[in-house]
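Each of the next two complexes has chain A plus one other chain: chain B in the first, chain C in the second.
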Partner chain A sequence: MGLQTRTSLRRQEKASIWKGYLRMEQLVINLLNGISYGMVLFLIASGMSVVMGAMNITNLAHGVLYMIGGYVGWTVAVKFGASFWIGALAGGLAAGLVGMGIERGFLRFLYKQGNEQVLLTFGFVYILTNLSLWIWGGWPRMPFTAEFLSGSFGIMGRVYPKARMANIVIGSFMAVLLWWLQDRTRVGAMVRAGMDNKEMAMGLGINLERVFALVFFFASFIAGVAGVLGAQLMGVYNALGLDVLLLALIVIIVGGVGSVQGALLGGLLIGVIDAFGRALFPKFAMFTMYFTMIVILLVRPSGLLGRRV
Partner chain B sequence: MMQRINRTIFNPYLLTIAILVVAPLLFSTYIQTVITRFLIFGLFALGYNLAFGYTGLLSLGHAAFFGAGGYTVAVLKLRYSSDLFWIGAPLGIVVATLIALVFGFVALRVSGVYFLLVTFALGQLLFSVAWNVKWLNSPGMQGISGLSLPSLGFGFNLGTTSFYYLVLLIFVICFFVLYHVVHSPFGRALAGIREGETRMQSLGYNTWLYKYLAFVISGIFAGVAGVLFGYYNYLISPTHLGVGTSFLPMVMTIIGGIGTLSGPVIGAALLIFVEHFASILTPDRWPLILGGMFVLAIMFTREGIGVYLWKLWNRVSNRYGSAHR
Partner chain C sequence: MKKLIVFLLAIVFLVPLLFVGSAKNASAAEPIKIGAILNLTGPAAMLGPLFKDGITMAFEENKNQVAGRPLELIVEDDATDPTTALEKARKLVERDKVKIIIGPLMGDAHLAIAPYLANKKVLITTLYCGGIELAKQKQWLIYPTTLEGLCIPLGYYAADAGYKTMDMITSDYAGGHGFMNGVRMGFESKGGKIVQEVFPPVGTADFGPYLTALKPADCVSYFVPNTAESSRVIVQYREFGIKMPLLVTTLDGDIPEHVMKELGDKVIGLRGQASYIWQREDPVNKKWVQAMQKRFRRMPGGIEQNSYVLASVILAGLKATGGNESFDKLYSAVVKMKMQTPQGPLSFTPEGVAITDGYIVEGKVIKGRYLWDPIKVYPQVRDPRLK
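Take a look at the complex of A and B:
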């Protein structure tokens, strides 16, 4: 090799890293990583975004619902040994019930007081996070996954974890399901009508209160299921409530409020940007997301697919 | 004549200041540190309320300015071995102001709930920076340790009691300034914006500018509180830039009363008081208690405890202070 100085060696290393990323397989791997992460982000953000658009409630406790789903799913799937899918269902139900409790027991009485509602949900972040700490303790739960989803399969000459692929598949399925619910069912139409003009919708005889309670429950349910799915990538730990909330907010700011499409676009975009950011600038991984958010705020504040702010 | 003398003696502001001034003579240094903590956070909440209560700007990222002030003081100690107050304080305030200028500009691109989300995200951004940038951390840990009370130069280091008086002095000055800001035409315009921004716009006010100024000014006060915190606390960590710390002035303001100037201060007193006891009895459950207090305050108190206290005060002083009803 001969005499080479440290800087020239480092420059060679960097050059080979960049050259590596121009190769197809690495690009595809990163893309898949981004999409699988983005799908989890989409699931997290979609519930929150629809509730924001339909009921004008910013549920800051949405991240905590995700975490509760993950914890309950862990308890059911790992501690009690039930199947992964039962765990996901249990997690979703737990989160859904807690969410419904918050909405029926507290938020309902603050109708029309938007600020107070938001703040209230944040109070619940503290309460629920501390209760979770009490119940499950502070140790993080390691990523856990379904039996037939563990291990990897080959793609373009490299191995890729099945769990991540499953996320992409499940996420796409959920995206289609949610889009169908939103755009092709009567319930979806009622929700959208309520979003656009509450009084008119109620005047047409739609029991918006019940529809919205259902929406809130469903959004919380999805958050809980997302918690179990995302646990394959991130595990479950006590600070998840705020971490996930931050992710959801960034996705919503980028993608726009109120629509499933916005959450999907925002989620995938952020997921892919994050994946490539981690690969290319490992030291600044976190900041690629913030950077994107700030750019969107300065250029198109209402988000890519959102209604005008 | 009797009425006027009685009114002055019963003036709640003067009474409180008098109590706070003689407190060190009556209480141990430990209690003095608790009161100092109350004053620092009271100042933080006071500034926060200018944006929140008076202008209607709900921010969840004010700890960014608070922590910025504290970190400036800490970095000065860590990297430049200086705890000179005359350098640390102005520098800390300048840094906090600059951050407020930038963050305010980005956040005010949106309004309402979006504004809340953006301020939250920006606060977490600063948290991330403090966590990751090595220069901002003591070796081997997160945050900066080994902070101390400030010196005033020529080897004159402040002790617990003298620092207490410094904080009290700064608090009183800031309260005075804020009082005049709130009762000035500027302050009234802010209240107008909170009540109806479009109405103010139709009257010809540049509401964006007013909101921006209110946000930046409240950030400056947060920075002052942060600087004092940097000297008060023996360590500063990224959590002091994050949402956990941003949440505190909000709780204090809601519990104490949004619409009044002294409300946040009363809320701060209550919070620090309860926190003190919780840290002795059930330190692990403090967030639960905090969240619970907050939820109760939102659900059941219409105007906050501060307003009730004021009404009580007025009733008492009317009974004993003067003849007219």
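Take a look at the complex of A and C:
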């Protein structure tokens, strides 16, 4: 009798440990899902946030720049069979050039005209979306990744895709790089000076127009690279520009305008909340992101790490 | 000067009288206007041109005329948005004065325009199923069947394959609920049990949180709208190494052959529902496939087939009424039709719901091509809620 009781107690103990293990591994998987998605959101939003902060420009075409990067990346990496990383570079360059074209050709004549900027850049959303429909057609492109990132690895008894882990690593690297550029380089200092006091910065001889053009190009470049990295998860499709724009705006509102750190915090927070929300409260999946945004707007309207413009 | 003015006025008023006698002839050749609300932009932009090709084929087969009257197709783009669909429906009815509309595609667009059209005496069709509530209006042609009716065979198949439990992933909009309700109806009618159902919103980018939280079951079935989302589910499902068999709805529309090629080995072993398969061994189908290949230089799929059949049915109805497009005559002529189509035998219920065969297919590599291979046919599927 005593032996049976000890055996059943051991079984119960194992069962409860097993249950805990299952919960812990589920927690880790959800966290990884959230962080990997959050890194994509950070890359989407970082460029837009810095442009808003530095140049006071609301570039609603940022989402379609992401989409163009994705399409060009697909063309280079999948259609022409080049490496995924060359595809990412090509996507970034394509988006950077288009962004530069919008800034140099149109936006630089509309500084301090917020309404006109919004209308202009939204017009570019329609133009570039229809252009991509004309070039690449209406069928979406499937998710693609580098050869060595395809497949999965084992973690805590479960299987996890390598491409998602790659997004976490690459996103982290990009965050450090962008932070270093922003806070530890001369160009970054010029950008921050221009954000704080444009007239003073110009008075000190900083050619802000050139700096801002460079910022716009770089922000668009990052959007294009993000389009290729995000394509590992989402693929590329014609309506992506608007879908991604909405996500970018939510991340910027939560994280704050004008800083890489804000975009990172906003992206990770939204990504993790979204992942756990969908897993634990799937009926409310549509609302978790927006609920977070509403709370931040009420509590801290400038965003968690918002920089005053 | 006065004489010149009088002369010119006489020309202006008298010359038109020369054409009065021919007015009778002009109205006999008056075109039959058929409207089409298609997705030419938006998330389903790739489908609009395919639907248009199917309609074009039907028109050309009839030499662009019926009962001596030329056909005029007026295509409007609803941008895959229900508000825009309603605007376009208004424009077609009030400005273009059409009595026949093919489309729109999406379930939310149907719900948007149904109340507006309720008293308008306009024959309207769905493009890829419709909710049973539309049937009550007795104004719609719902092809190939209701939302639920389309996927009931998949539920039957899951039970016939020996699965006792199922998880469901249901896109949270009218169409999604309808399709997966059909899977549930078919599965539960044969003793199956739904263990879990999750509802990702339309436009979900990352299905990972849903997939990693699926409860153990014998199989998983899903519906999400459009190719982009459906392919994401397949890719992410495989990436997470989930072993439960995956049953997919609307394969012919969402995962056609060229998408299968891009997905590669991920589609092998996938099973699901398709309303049309081009490989179907039938003389009517073979002839149509050849004609479509010759005309449009590609293999046709379920999308073109649907609009082709709808347009053909309407044209056959117009022939039966002698070119009379008034709603009462045309609708009653059409719902009495029985015909052989590329998809199989077709007839309608009095409510305008089509009765067609349902196919279950499996992803395979056949002669070096990724194809959906038919593995089972459920003949003449009828939504059990229709008497």
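Just so it is clear, the second predicted complex is superposed on the first by the 284 of 309 C-alpha atoms of A that agree within 3 Å, B and C clash if a C-alpha of one lies under 4 Å from a C-alpha of the other, contacts with A are read in each partner's own complex, and residues count from 1 in each chain.
Everything that follows uses one rule, which is that contacts are C-beta pairs under 8 Å (C-beta built on N, C-alpha and C of every residue); 3 or more make two chains touch, one makes a residue touch a chain.
Predicted model only: the values in this text are computed from it and were never measured.
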So, after the overlay on chain A, do chain B and chain C clash or fit? They clash
Problem set entry | First (chain B), second (chain C), both or neither touched by A:F106 | first
Next on the checklist: Between chain B and chain C, whom does A:N130 touch in the aligned arrangement: first, second, both, or neither?
Outcome noted: both
Q.
Just checking: does A:P143 make contact with chain B only, chain C only, both, or neither of them? Give me first, second, both or neither.
A. second
For A:L297, decide between first (touching chain B), second (touching chain C), both and neither. first
Taking the superposition as given, does A:R164 touch the first partner, chain B, the second, chain C, both, or neither? second
| query | Which holds for A:M234: it touches chain B only (first), chain C only (second), both, or neither? | reply | second
A:V176 in the overlay: touching chain B, chain C, both, or neither? Say first, second, both or neither. neither
> So, A:M286: does it touch chain B (first), chain C (second), both, or neither?
Replying inline: both
After superposition on chain A, the stretch of chain C among 6-14, 60-68, 114-122 or 240-248 that runs into chain B is 114-122
Both partners, chain B and chain C, contact chain A at residues 129-130, 133, 283, 286
Within their complex, chain C touches chain A through residues 41-49, 172, 198-201, 203-206, 208-210, 212-213, 226-228, 231-232, 235-236, 239-241, 258-259, 262-263
Residue set of chain A touching chain C in the complex reads 26, 29-30, 33-34, 37, 78, 129-130, 133, 137-143, 152, 158-161, 163-164, 233-235, 237-239, 243, 274-280, 282-283, 285-286
Note: in the complex, chain B contacts chain A through residues 58, 60, 106, 109-114, 116-118, 120-121, 124-125, 128, 132, 243, 247, 250, 254, 284-285, 287-288, 290-292, 294-295, 298-299
The residues of chain A that touch chain B in their complex are 52, 58, 106, 109-110, 114-116, 118-120, 122-127, 129-131, 133-134, 242, 246, 249-250, 252-253, 283, 286-287, 290, 293-294, 297-298, 301, 309
